[in-house]
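Both complexes shown next keep chain A, but they swap its partner, so chain B is in the first and chain C is in the second.
On to the complex of A and B.
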């Protein structure tokens, strides 16, 4: 009796959140799967079942595969770049004796930028007529005339990648920094007495303490970057010539540009399936790290 | 002396590295602030000047009052505040309930909840569009706020369970024995203890709602109701770009965001690091 009233009381606390999850997440996802088998159009309420036709035409379309591989390149490049820069910055911050608070504050600034301001500020800095960087490079005769960083097919992807690394590295930095603080000092001292060099100390003491946080960050950021629509959309619009069109941008164009919501659903459902499989594998790996804890 | 020199040398590399990164990290902020107070002719004629010859607030006046950004900022404020209040009102009891009443299933439940993080916003956008059309919620604040709850609530519940877990059970039992009901115990005993966590979660929710772009782009289609991020986007799509106004608007949007982030960064880092201590 006691136990039962306990659980009933608890229900009132969690019920509203559960309703939100069912109504705003579960139901829409199921409904997306449903619509991916229809020819639903943005402007018409009448639709028909088309079986697996959307999936077949998506999987046979060049645009889809181009967007898919662009997404993979974009995500892998961004997240690995963010990890490398964030990790090095965290290690440097941990090492310096003074001003680390000041540096940390300066380094965390990009993370506070909303996507629209990231896009505006970099499009302005890189503007081929009035921008600071192209004019600077011209003035020092490093380039012959102003480079258009965001219109040049050779450069645009790398430049967008650099902007995303600029934006995301601080999150890696502050989280890795917090994990570095948990490494017991005396382990380093003991290792130094035993004659371990810097590389060995890093590999055998630092890495085991931070790898779980890094693993989680990698998973979370991979999902986020893979799903993110606005950053690239606002910086490049997916162009030039579709060179920076990722899956979310491709789905947006299909659903709201071409008004084929059914087809767009098929694209996003494939996107979700890919993510679920990738994440399941990644979580398996990280949980293995958890079972062999840092000593 | 030699020791000092050795120290200097061993710190040179990290300091140099950090300094380069700091310049890269801070330059865009410096540059948009600077550009926002340069006159339009100076923006066009002297793209490399590092100081305005005649500082002006013209761009701010134009973007806020003539281009209607003030209205859009107001819209953003209403939308983000509503999202934040609803999120906390729903998530705090849920997090508390999970910790106190369902400690075992609760762990699985929050894991399940946070895995919804994997749902691509663009996937949710299709059914939301259809639902909003059929319920007449297109182009309303309410529709947009509902859409925002889909990502803010799972995250807030996840973050808040970690905080409510730190509340000692004894304190609550004392209040309970004194005759406070379950809800009063939650509201006036447990919640004040986790107030910093509630504030951090609220700020995080607010910033995310304030900065959100995709749903706002899809669901709001008149400029009087647009939140600032989408209004700025349409400003950036005009034939002749008014870079001065765009920079002034960017500064107005980014500065509060930076202040908030500096305030909550330690809470965000604490969430992931806590697990690594165990």
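On to the complex of A and C.
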């Protein structure tokens, strides 16, 4: 009885905050869905319902599909790269006997900077005329002349991906490192006595302890990276030749440049549906992975 | 003393009383100005921002019932603020505005006419072309506050070293840029084609303008397949391949200007803002560069206005204190104050009032004296040009052609994918026309 009355009172206390959060969460989603069925212009208050016309236009647009597949490549490459780099960095840091706190702080720096600072710094570093990296590579005769990392169609996507991996890996590193700290040492010692090699110790002891964290991070980062706009836009502007135009950049151009709020909303609704399906599948896979007993 | 003797005194008292009451009613009329005004200013740099604040304080000192709060945003932020705020009525009483923004604002009825302010300042003091950019149905909705125009900047020292003359035609420019090209020390010219800016559109527009044509034709359609446009596309693609840094395919205006400030390009195209940019970044170069009119198609062709930007002030329709807002706008054009404002970016901001540049107080500036001939070139072309796509007056298409990076994508497609120029130009033209229609543009045939 006592517990129930406490619970009820507590609910009343958190209700206003919950209402605000739900409203802030739901309003943009619901308004996007609503406007996706209209010809709403950003600057005009008068609009009409156009049914599924926006969706048909978007789905018949080559630009949309190009941006969609670029988004898939961008997200998969970024998240997997961040996982590998973050995991390796965490494993390395866990073995560092001295100054591990200092190294951890240094490695987390990319995550601490705003995207705009990172983007402009990299644009500066990679500029093919006065940029530090092309001039350095050229001076050491590693390259024949200054390489234009952000203009070469063979390089630009990989370079942007590398920057995003550098930017996002610290989040994986910190979380995996925290999970690694919870692995009982005696399990490793027992495995070593039993003759398990490094790979076996990693696969049968380390991975089962960190996979829950990794699974969650993979899902969250997939959603964030898929939706991310500013870093790529500020570095490449979606170019050259549309090679780095992702769906958020395409939606931005439609919504802000053309003021076609209805059309931009249709793009974001399609993006939302895709992410919901992808997240549901990912949750299912991750939970199955987590349930798999470690052998 | 008889009553008659008091008559003159009575008359004097009555006269004085009448005069006082007239004065009082005049003062009252002045004091009628009241209200809290919000001014969205895009003058983010120190001296310009400080000037606006001083002017607001000065206005409030004269009109104590008017409070002006200035909110300063970059142009990008401003664009986000007004477009999202309009539907909710969350826009200011007055603001700065770019020509393309003015067109959109007029189109949705967001502004009030400012003809009364223009007339009070003196309509004939403004360039007709500058006023035209903010006019619809015979009303003026924007007040040009300063202007600048695109010109060709060149390195005098590099030309002298090679014994070359300042190019006056596109062909001469090509030859000079090739002659001076010495990468990685100096590039003949950078051709900026990044999709996060409209520099490719700007450069193509120069060429097309030099042929007496335009990127948006009289009917309002995009025209990228005219002989002049095709020739222009070929010209810039060729120069990109011959003398431009490879990375310039992704450059925006800042990347491009930085190269010139660092002395890495022999030629560049920009407004008089280059003077301040070089002064701030590489003062050693100040004696080594100057401006010339944009190259012409043929020797002997007249000088033309490639692109003029008339930055404007506007009064918003939602404002509840229109009289105070307009009085404040008018106060910004008092000669002495206005000259101080224009001096905050010498050579970059040129007076929107034609007579100001003749005034000794305006000419009394070290940078303006040093770059007198360059500034004269810019002043010459300002009244000849307009914003890209607004040659025949305000058009909604002008905003689209500079915001959607269609022309930049076309250039990138030609250079990186090897798409034939005519094919890429036709595709870009079709795409732009689709976007114009989607935005509600009506073509006039």
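One rule holds for everything that comes next: the second predicted complex is superposed on the first by the 277 of 295 C-alpha atoms of A that agree within 3 Å, B and C clash if a C-alpha of one lies under 4 Å from a C-alpha of the other, contacts with A are read in each partner's own complex, and residues count from 1 in each chain.
The definition used in the following text is that a contact is a pair of C-beta atoms (placed from the backbone, for glycine too) under 8 Å apart; a residue touches a chain by one contact, two chains touch by 3 or more.
Keep in mind that what you see is a predicted model, and the values were worked out from it rather than measured.
After superposition onto chain A, the partners chain B and chain C occupy overlapping space and clash.
Once chain A of one complex is fitted onto chain A of the other, the partner contacts of A:41 are limited to chain C, with no touch recorded for chain B.
One of chain B and chain C touches more residues of chain A, and that partner is B. Contact with neither chain B nor chain C is seen for A:87 once the two complexes are overlaid on the shared chain.
In the superposition on chain A, A:238 makes contact with chain C only, while chain B stays out of contact range. Once the two complexes are laid over each other on the shared chain, residue contacts for A:112 go to chain B alone; chain C is not touched.
In the superposition on chain A, A:218 makes contact with neither chain B nor chain C. Judged by the touch definition given at the top, the superposed model places A:130 against both chain B and chain C. In the superposed model, A:58 lies in contact with neither chain B nor chain C. Within the superposed three-chain model, A:175 lies in touch with chain B and out of touch with chain C [touch as defined at top]. When the shared chain is aligned, chain C comes close enough to touch A:152, but chain B does not. Only one of the stretches 135-143, 171-179, 189-197 or 243-251 in chain B has C-alpha atoms clashing with chain C after the fit on chain A, and that stretch is 135-143. Applying the stated touch rule to the two superposed structures, the overlap between the chain B and chain C interfaces on chain A comprises residues 42, 45, 123, 127, 130, 135, 234, 256.
Those residues of chain A whose C-beta lies close enough to touch chain C in the complex are 41-45, 123, 126-130, 135, 138, 145-146, 148-153, 156, 233-234, 236-242, 253, 256-260, 263. Taken in their complex, chain C has these residues touching chain A: 79-80, 83-84, 86-87, 104, 107-108, 110, 184, 187, 193-197, 245-250, 252, 255, 258-259, 262, 264, 400, 403-405, 408-409, 412-413, 416-417, 435, 438-440. The part of chain B that touches chain A in the complex is made up of residues 11, 14-15, 17-18, 21-22, 24-29, 31-32, 35, 43-44, 47-48, 90-91, 93-94, 96-98, 100-102, 113, 115-131, 133-134, 146-147, 149-150, 153-154, 157, 182-183, 186, 210-211, 213-214, 218, 229, 232-233, 236, 243, 246-247, 250, 253-254, 257-258, 260-262, 265, 268-270, 272-273, 275-277. Interface residues of chain A facing chain B in the complex, by the touch rule stated above, are 6-7, 9-14, 16-18, 20-21, 24-25, 27-29, 31-32, 35, 40, 42, 45, 85, 88-89, 91-93, 95-97, 103, 105-125, 127, 130-132, 135-136, 139, 166, 170, 174-175, 177-179, 181-182, 209-210, 212-213, 216-217, 220, 223, 226-227, 229-230, 234, 248, 251-252, 255-256, 261, 264-265, 268-269, 271-272, 275-276, 279, 294.
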